[in-house]
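Below, chain A partners chain B and then partners chain C, in two separate complexes.
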Partner chain A sequence: MRKILEDRIYSLSVLLIVIVVVAGLVYPDTFLTADNFRQLLLNLSIDAIVAVGMMILLIAGVFDLSVGSILAFAGCFTAHLMFFYEVPVFWAVGAGLAASGLLGCLNGYLIAYKGINAMIQTLAMMGIARGLALMVSGAAIQNLPYWFGAIGQSKLLGVQMPVWYMLLIVGVFTFLMSKTVFFRRYYYIGSNEVAAALSGIRVKRMKMIAFIISALLAGIAGVLLTSRLGAALPTMGRGLELRVITAVILGGASLSGGVGRIPGALLGALFMGIAANIMVIARVSGYWQDIIVGIILILTLWTDQSLKKNYE
Partner chain B sequence: MMNADSSYNMRSKRFYGLKTTCLVWVLLVTGVSCELPTRTGEGQAVQQPDETETAAPPENEEYVMVTTAVTMPMYVNHDQAAFKRWGEKMGVKVSILGPADWDVPAQINTLEEVIGTRPTGILVNGTDAALAQAINKAVAAGIPTVVYDSDIPGGRHHAFLGTDWYEIGRMQGEEMVKLTGGKGKIAYMGILGLSNMEDGFRGLLDVLAVYPGMQVVGKYDDKASVEEAARITSDVLAAHPDLAGLCGFDSNSGPGMALAVKELGKGGRVKITTVDWEPEHLSLVSQGIIHMLAGQKRELFTWYGAQFLHDMAHGTNRLSGNDERAGITSVPEKVNTGLIRITRENVALFLP
Partner chain C sequence: MELLEIHHLSKSFPGVKALDDVSLAVRSGEVHALCGENGAGKSTLMHILSGNLNPETGKIVFDGKELRLKGPLDAFRSGISIVHQHLSLTDTLSVAENIFANRQPVTRWGLIDFERLYRESSVLLERLQIDVDPKARVGALSAGQKQMIEIAKALAREPKLLILDEPTASVTDKEVTILFRIIRQLTTEGVSVIYISHRLNEIFEIADTITVLRDGVLQGTWPARDLTRDSLIRLMVGRNLQLQEFASHRGEEVLLEARNLSNGYIPALNLKLHKGEILGMAGLVGAGRTEIARLLFGADPPQQGELLLDQQPVEVTHPENAILNGIFYLPEDRKTQSLFPHLSIEETLFSARLTGKAMTGKVKRFRENAAAFVKKLRVATPDTAKKVAQLSGGNQQKVFLAKLLLGEPKVLIADEPTHGIDIGAKHDVYNLLRQLAAEGRGIILISSELPELLILCDRILVIRDKKIAGSLLRNEASEARILELAMGSN
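What follows is the complex of A and B.
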């Protein structure tokens, strides 16, 4: 019992099961349907992919506010290359991801090597990437190649592809963060950066890599979202950074670093997705949705802290 | 008798054999189950609302509006107020859903989740062309679907009601030419990256292009913020003290431009045209700070949009023995509700 309460993965899983059961009882015809679950997973897949990158950053004790803008830029840049220069889908996607990785590299270099505050740097990058997205896409780019659309619109076993990409990414990074020495160093860095550096870990390089991974995952999410929508919108990903940070904190990360697990990012995103889905089914007005999500976040963290203290 | 090594090798071979068989099965199952999207124009059935079904009693009917920026005052005061009034008049349930901020992907997610709940009809704010696929899903599910405000190219919705944004741009351009005598520097602003506003910008520029004396000094993104519009205006006026006019394309452009112009003591001298007719806009017109408003008849979008949904659900006007089989929609397909030109001469008629 104590283990369950202490581990956010368990406690959040239990909470999710309770919510699903209650919502299923209240809305059996609309909530508990295969179509609704497929849609729900599809809707949260983009946030969950970005949340994986944010989880790694938060474990390392940093965060990135520019992920939403990088997502928009990657999608718009890829679409721009295909639409205006007729670049083949494979190369355009590669270039879009490389460009997003480059922005992540710039973030990482300036933060890790030049000592710029992560909040200031990523806030600046948020503006730059959004401006670049606007510049390359104008109003929006539509009529993208068929095979580009197939990346995000195809289905496997009846489930749209972004959900499978999300599961693959979560699986790969869960393995890397739990089983490989290289990635486990992020826990040391997040817990005590100075001690990590003294023990021989190349902290600056590791931090830069974390920003590159986060930006690459945002780029993948941008390409998938553009493919799914069939259009590149420069307004994509607005407010994504806060949603993702909320999901990751819910999933067990801490702003002070050193804690968190990749499945927590998925569970946090799942929690946010289910909450949003229930609010749509219950016809809760948009006025209330942000307020309710905020209250849920505070209540979850507060309950979690209270239970832990009681057991201590 | 087998030694330990050969036994291990056999187990290992069996294990890899099993793994390979499993992998082949997984690939076969996934390969067979992979569905590619249909190509544009390929025969995806568009299901018309089934008029032969008996309509549900009014208390069981639900009409859902799906928009973005659900808390935007212009939407609340015009679109949503008219939609709610219509619901009360008809005695049916109306729901308004969507994200609080301007977030088109979130609007699409909401629309796709609403489809699964099978409402009587869906009224979609046509905020961006990317909505087309979600709209098509609603139509394919047999739900009467009407788009309002801006049309969605590629969408198979049953009807559209709204304004031609290109005309909004032209109207502002023509008024600006009249106000400035066809000479002077002009700047314009709105939310960059929105397809309807880009149409408006195009309309404005097409008019100004005919007048060589009109010089466009800049296109700016005010991010739908009064503060940002005011900041841009004061910067532009600092760079071009002889600026003749400003054109605005979102609800907050006008109040922001007017604020900066007033603070710089240039009220009335710098000509301002903009969109929308909220009380704040009307007050600025009566003060002579804003010279013309290109107003949309937004109440008509949602009132008649909802009425169209109701008529489709009830089969009010049948045009053939079976409209569904005939592939026709029994409501007007495209309705341009037109524009309202508000100036100092007629503003009193619109003031609350």
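What follows is the complex of A and C.
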């Protein structure tokens, strides 16, 4: 029992199954349908992709508040290039991702090498990237090329592409973070930065890379969202950072670093997505939805703390 | 008269019986030393007396009344003050505010009365002959001074019982003298002191009575004059300790050589380390020994000069380069520089694979090697999935050593490797260092314990003021000679 409670992947999976079963019994016609699940997965795919990057950062003991703004900027910049300069889809997407990576690099450089606090730096970047997004898109950019729309709107085996991208990204990073020396280093860095440096890890460089990865994933999410919407809106991804951090913490990460696993990011996003979906079906008012998510987060951390106390 | 009586106290944690039916009595005005290896139950007992833990069974009588503590505040109110091994000071506040933390004197308007705060602190510091300005920021003080402030803080509550847990771990000899004077003064005022230390010399110098614990079980209480150093060690360890006879393995070949190596901390370092040599580094706290180690290891990379390994110049601009070249460093402070608090023994050992030679090769082979090292170093745990943070200090240090050895070091720089670990583990570390030297590796041993340097080293460098003040061969070295060089007095 104790083991199940302590391993977040287990406990969250069990909780999810219970919720799905109960909701399925209560709303068999609306909740437990293939259509609803397809929609649900599509909705959470953007959050889950960003959550993977956030999980890596939290494992390394840092976090990034600018992911929502970087998402918007990447989407708007890509659209800007295609609409105003008729850049081919492939190169526009590449440039959009490169630009988001550059912002992540800037975050990482200033935090890791110049010692600026991660919260302050990414808070500043949150404003800067949002401003850049507005600058390149104005109110919105519509009428994007057909092939760009295909990125996020086509289907494979009856499931929309963003869901496949999400699964691919989660799969790849689960493998990397558990099996490769390079990515395992993040656990050591998050657990004790000084000891990690004295073990020969180039902590600063690794941290900068984590910010670049996180920003790149936010950029990918931005391109997918823009493609799906068929329009680039500068307001995309507003409030995303808090939603994603909540999901990742639910998924087993800790703000003090050193713990967490990539599948936890997916499960956390899944939990938030299913909870939101059920509340919509149950016609819970929008205000209550936020309140309930907040309460869930507090309850999770509370359980964690009391488990820890018992142990000590 | 008995001030404190402990009757049949027991306490268990998951998997361990930390205290098993322990009884002891402390008379007023005596210095009562509590001895035992790490994990013997001393800390648990102290945590119970300071109200941080509740015993399962047993009774504590203090000053004629049965004591039931609900928290640290209760302990203070009953007249028990404890000075923990890990300091409880706030670096950003003044000395006076630290001494009177959470009970600052107030004016009749309920605001902090700073004038009285500083005055009362001065009086107390003067009484203890601690030469520190009460308005000074604690962060600006030396480790030794902080320790004295911590003791002043405990005494400001005017306790009847003062508990000192490893109070001399980070202070200089001069400060130890001051501390002992304070303790003697307190005992004449009728205050009892429970004194915990790994330094046996200090125990025999200051204690009236000695109680020994081993694995949570009381071994007995004796007047200090009835015990000898050897009999005490036997009681603590439960086995006879044997140290291999000294035999020099120093070869002719120079393994590591620094030529005018310098960075912002160390000016022009010149030294040679031979194959199979154990080279000691002595010096006062703050003399620059750790800075030299960090220079050689690339943690504070050199800006000028040359470093040669096997007569070949090497660039060591980051610990990664050092490790790739076979130079390894065991840091001074286990908790902040070696320990990964979330990680298990196995995962900690795996950090040896994060960079350097061990990075390649089969994981299975590495696992077997790791398990073999854990066994060979006698880490007292059967289970490598256990978190390192849950081990005792000595066992933690063995894990960190095992991690370095998995990287096949040519040069091992060990910075205070036996600091705060128990005597059994110490002997294991000594034997290990000798064995490494016998295998032809070079070892730089930084230590503040002179007897340790004298039994282990082929040569001892004495560091003063960031420079090598002298180099003593084994047969020239003595405690007096080292101290003379370290202090620079002629």
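Heads up, the rule we're going with is that the second predicted complex is superposed on the first by the 300 of 312 C-alpha atoms of A that agree within 3 Å, B and C clash if a C-alpha of one lies under 4 Å from a C-alpha of the other, contacts with A are read in each partner's own complex, and residues count from 1 in each chain.
The definition used in the following text is that a contact is a pair of C-beta atoms (placed from the backbone, for glycine too) under 8 Å apart; a residue touches a chain by one contact, two chains touch by 3 or more.
Keep in mind that what you see is a predicted model, and the values were worked out from it rather than measured.
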Clash or fit (per the criteria above) of chain B with chain C on chain A: fit
Partner chain in contact with A:N43 - chain B first, chain C second, else both or neither: first
Partner chain(s) touched by A:R185 [first = chain B, second = chain C, both, neither]: second
Partner chain in contact with A:G149 - chain B first, chain C second, else both or neither: first
Chain B versus chain C as contact partner of A:D290, first or second or both or neither: first
Where the C-alpha centre of chain A sits as vertex, the angle toward chain B and chain C in the overlay (nearest 10 degrees): 140
Chain A residues touched by each partner, larger count belonging to chain B or chain C: B
First (chain B), second (chain C), both or neither touched by A:G258: second
Partner chain in contact with A:S199 - chain B first, chain C second, else both or neither: second
Where chain B and chain C come nearest after superposition, their Cα distance in Å: 21
Residues of chain A that lie at the interface with chain B and also at the interface with chain C: none
In the complex, chain B residues that touch chain A: 29-30, 33-37, 39-40, 64, 67, 70-71, 95-105, 108-110, 112-114, 116-118, 128-130, 132-133, 153-154, 192-195, 197-198, 221
In the complex, chain A residues that touch chain B: 30, 33, 35-36, 39-40, 42-43, 46, 133-134, 137-140, 142, 146, 149-150, 153-158, 225, 229-231, 233-239, 276-277, 280-281, 283, 285-287, 289-290
List of chain C residues in touch with chain A within their complex: 14, 297, 299, 318-320, 322-324, 329, 331, 336-343, 347, 350-356, 359, 403
In the complex, chain A residues that touch chain C: 181, 184-185, 187-188, 190-192, 194-202, 258-259, 311
